[in-house]
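These notes concern the structure reproduced below.
Each chain carries a letter (A, B, C and D) given by its place in the written order, and its residues are counted from 1.
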Amino acid sequence: MNENPLPSVIPDKEWKKIQRMLSKRSLWMIHFCTGCGAMEMPPVMTSRYDMERFGIIPMATPRQADLMLVTGYVATKTLKRIVRVYEQMQDPKYVIAFGSCPINGGIYWDSYNIIKRLDKYIPVDLYIAGCMPRPEAVMDAFLKLMKDIDEGKANGWMRYRKYYDQYKRNQMRIFKRWDE
Amino acid sequence: MDALTLFGIFILLPLVGALLSYFGRKYAPIIALIFVAITGIFLYVWYGNFGSYTVDIGVKLNLTFDITTWFFMLMINTVIFSSLLFAVSADLKNAGGFSTLMLLGFTGANGVLLSRDFLSLYLFWELMSWSVYVLILRTSGEYARRYLLFGVLSAYFIIMGIGIIYYYTGSFLYEDALSGVIPYYAWAWILVFLILGFGVKMAIIPLHVWAPYAYSSEQPFVSFLSGGLSKLGTFGIYMSMYSIAGVGILDSFGTFRGVSLLGYPFALLGAITAFVGTILAIFQDDIRKLLAYSSIGQLGYVMVGLGLGTSLALGGALFHAFNHAFFKSLLFLGAGAVIYRTGKYKISEMGGLGYRMPFTFLFVLFAIFGLAGIPLTSGFISKWMLYEAAIEKKFVIIAPLMLIASVGAFLYSYRILYGIFLGGLKEEHKKVKEAPAPMLAAMFILMLPLLIFSIVPGWILGWINDVLTNTGLKPIDYTQFTYYSSIGGANMATFWIAFMVLFFVAVAIFIMKRARVVNQYDNYFAGEAPSSVALHAAHNYYKPLKDTWAPMLKYSVDRAYEKFSKFFVDGFYEIKKIYTGNPQDYAAYLGIAFLIFLIIGWWLL
Amino acid sequence: MIVDWLIQAGLVALYLFLAVVIGLLFMGIARKVTARVQNRVGPPVYQNFLDVGKLLAKKTNIKHNWIFDFAPLFALAGVLLALAYLPMGGYKMLSGEGDLILLLYIMAIPALGFALGAGASANPNAGVGVMRALMLMLSYEMPFLLVLLALMIFYNTASLSTLLEKQMSFAWGIVALPISALAADLALQGMMMEKPFDIPIAPHEIASGPLVEFGGKYLGMLMLYSAGSIVLETTLFVDLFLGGGVVLNPAHYGIIAYVVNYLVWFVFIFIVWMIAVLINAVFPRFRIEQAFKFYWKWPTVIAILGLIQAYIMSVFMGVVP
Amino acid sequence: MKAEDIFKDLELKFENLKVKGNTLPRYKAEVQPDKLEEAIIKFKSNGFNHFVALSCIDWIKDEKFELVYHLFSYEEKEDVFLSIFLPRNEPKYKTLRHLFPQIETYEREIHEMFGVEFEGNDRLGEFILEDWDNMPPMRKDFDTVKYGKEKYESVPLINEGGEKE
């Protein structure tokens, strides 16, 4: 995982700023609804809130997407799929976690099957509190993420690269086999 | 160059080669290769001096070596050279017998091309047809029997044609046929018989049933059969329509917008063959059957060109026959290399071989470009000429059939590419090695002309023009890089320059960033595990299309023949029941017969 | 000789660049119009430029093998080549050097290159997607080829440049052969893979079909390809039926004619594009059998009627433009 | 055929359950494990051809698992609960998937969640839980809070201090 050598035509600083502006204005969201928050997405996509005005459209495959929404509780079974899809996405990629379940397990705090904190397994750029946040909160989250990207704070994918082995160790503590 | 050297080089030498290579056992193809190379060299050397001679070997053979013969010999010689080069490393069983029969077939082909009188034509035609029969016999008797049936049918048609001509003119020479003695209606019969006779070899629709079976024998032979020998059918039809009969006779049947009324139905038959051949090819899963039907389809195009008869159409037909000789044998050799390495015939069982056999994939890809008529290969120019010929004369039935058939060609081309070379690589094919060197060399030889004549079409159009003028037809107008018809033209030089420049532009954008290579299992399977089982979508590839075509696919010429033959078999079986073999029945029959005759006799009185 | 050759090359480059820019603009307009039809605000019109910029600036790009690279290279090179052979706004670039059948087969180069790259991604979704794309191609090519045949028979030429001249002198294609124009517009909907016929890249069924493994710069170049193909197909329709937007004769007015023709051409392709987008905004997606049956029934019948009309007018009534 | 009559034929003691708000008659009967199969066959052939659910109850105090086979008849609009009791320490019973195919799925779930063995059902094993390494979780003696804390709290946060652990 090495950084790609960027063209030296434009000085490094400006180029990174342009790149961040571009990726801010056209966030493509992977259409992978993990939990009960998927119901919040239709109003966000359709005429009332319309996330497409910010250039956010749902994409079918992780290869094309650079924003992943973890909407709701994450069971160990779903976590394995989330990690696989996250790793198939291409840098720069961002993760927004919906609801209280990815933060601290939410109403499933005592469940044997639900992970309690998503941040331990994949880098999360933004949490939205609430036991399923309303579309307004989701729109606000998108705007906050776009501001973070602009300021270069949303660098979850860099953290994943940097602490890759720690993330992998945490993940393997939850599920025994990876290739099944 | 006199009669004996001509006869010696092109007929006796391969015969001697056939004899010698029988004892070569494992090295037989190499020996055969040397003999074919010698004839190739002489072909190159003798390009200039043409002439016609008569050789007396007990019976007077009338041989002529002119540009038409040279043009067709060029195809057949190159194709058999590459087939034998392929066979060198294909370790066939009883390679000695194989190369002997191939050389006998080659001798027959040379003889047919050289001969200018019907006797020698028929002599060599039978030699070639017989050697093909035995070669198919090496794989399966049942396929060989089907081929034999149609081979004999074609021989009878040709004999009927020759017979009628001999009945009127009393001589076997081609020139004598034009002596004006043959009446108008006899010419119709002669031409129909000759065209159907030679058409069997080109697998025209009603007579195509033998092709899918014959093309399932050993791949090196099949590439010679489909690439080389089917051109004899083209040569036969071309000579019988335009050299023996000549345009005058053809037009005497009345012309329909400049095309003779005899030629038009065969052009229509060719267009239908192209359409049906392509549609059937789309649904085949066995690579050999798919290539067989595709070959039938492509030869349908040639038949259209021969039928239309305008100089552009004939030029297109000859050029398409030339291209077909090369891209079809290249396809068969490519399939042979894949079958040699994996031992499988079904397309859906293979997959991902392109990553293991890159050169074979590139050669087959180039052949597919030629087949589909992509302008990067000369395949496009011949198809272009055939379309222009049909549209020029405003034929509104032939042109759409041909155009849709060429779109259909894209479908089965991609089925070959995706089914065999792309998609997921299966477990058992992980260690498949690239095809051996002689095979790759053979395929490279076949690929060269397709590329060269796409960049500089002028050279081959020059040869085709000589062939047309040699048989007394108007030449087509062309220059070094461009070719024209009355309603349009195209310049391949600007095409290639523009393509190179724009390809460079795309590469410039492409190499801005490097890409990380991932293996075929790091794929998006909706989050599921990258299972070791290669998911390959080639099984029953065009199922929706087959469902929509199902009502039309019910009718098949094969089944029609089978029903037809079953009708006779049952009939004869009934008759056989009469001979029960014990005398009492026979006595009973006699009694009954006597009684019947008695009644009739009484009634008559 | 070299100088005017360079000018020609420069002009061709300018026209191609403008074509791709217009293509991206049209994609943005399409998304805006579709949003408005769905009572939404919709992205800004220049959204697709940002998308392509983001894709080309992606940090990591995934590729499977060397055949995988065929897709972006052949797709972009092929579509630019096809655009080079198409007169845009009356400016006959290379169309004097090649004719309609050559253009038809050049349009097949990007499709085949893209199919090769998709196949090489070893993803079953891609294989199914390409199978659907080829079946769709077989279905809409039937009426489209009949329409081309009608035009070639009626105008008695296969070269686009002479076709433009004849349309200017005699009558526009849409005036002479209205039935064929209708069939062509129906075929256009399938050729541009707009909504009722976007079966090959169906995101919900086969994870956007052949595009499943393309990301980053690959997807960026394929977006440029689809932008170019929008302009290509709409311009093809305008050149065949609306006289290629040639209003002023360049011989008399010189440069102004080229500019005016370019604007008229732009308006025409915008109208054709809007027809396709509005149909796209309100239609669900067909299944591939339905699309095949549809195309080989109604548009083919209409195209045959157009062909008969052209045949009668050119052969029996002897109308020679 | 009415449920009471079937119960009489099988000489099964049944009781009529009163459920507030549910007017459809519901009958519950306890059956000996070995006689359950022919009881279900009898019900199935007499109109009770809708197998609603197979559920398992963990009576931890009297050390028993109760398997309840819930059948429903469209003709008579009646529910029937046939239940059997299995010892809690090593619960074993034969599969009835040949009567109703969906029983197989219920048996797989009960096997995973309660640990009941069903001979003849070859598809037992990992079903819903992923990489499960503990006792069947739905048993009453399984402490979810302790398991959750021990498995998930123990996973350390990503240490971004820069120095590797």
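The criterion applied here is as follows: contacts are C-beta pairs under 8 Å (C-beta built on N, C-alpha and C of every residue); 3 or more make two chains touch, one makes a residue touch a chain.
For clarity, every value in this text was computed on a predicted model and none was experimentally measured.
Comparing chain pairs B-C and A-C by the number of C-beta pairs in contact, the larger count belongs to B-C. Central chain (C-alpha centroid nearest the global protein C-alpha centroid): C.
Ranked by how far their CA centres sit from the centre of chain D, the chains are topped by B. For the pair chain A and chain C, the distance between mean C-alpha positions equals 37 Å.
Chain B and chain D, compared by their mean Cα positions, are separated by 69 Å. With each centre defined as the average position of its C-alpha atoms, the distance from chain A to chain D rounds to 39 Å. In chain C, the positions touching at least two other chains are 58, 60-62, 207, 212-213, 216.
Under the contact definition stated at the top, the residues of chain B that touch 2 or more other chains are 512-514, 522, 524. Within chain A, the positions touching two or more other chains are listed as 4, 61, 63, 88. Every pair of chains that touch is listed here: A-B, A-C, A-D, B-C. Interface residues of chain C facing chain A in the complex, by the touch rule stated above, are 31, 35, 38-44, 47, 50-51, 53-54, 57-62, 203-204, 207-208, 211-216, 219. Residues of chain D that touch chain A in their complex: 128-131, 133-134, 137, 142, 144-145, 147-148, 151-160, 165. Residues 352, 354-355, 358, 361, 365, 369, 372-376, 380, 384, 387-388, 391, 394, 396, 399-400, 403-404, 407-408, 410-411, 414, 417-418, 422-425, 482, 485, 487-491, 494-495, 498-499, 501-503, 505-507, 509-510, 512-520, 522-526, 534-538, 541-542, 544-545, 547-548 of chain B touch chain C in their complex. On the chain B side of its complex with chain A, the touching residues are 512-514, 522, 524, 527-530.
Interface residues of chain A facing chain C in the complex, by the touch rule stated above, are 3-4, 18-19, 22-23, 25-26, 28, 31, 46-47, 50, 52-55, 58-61, 63-64, 66, 88, 90-92.
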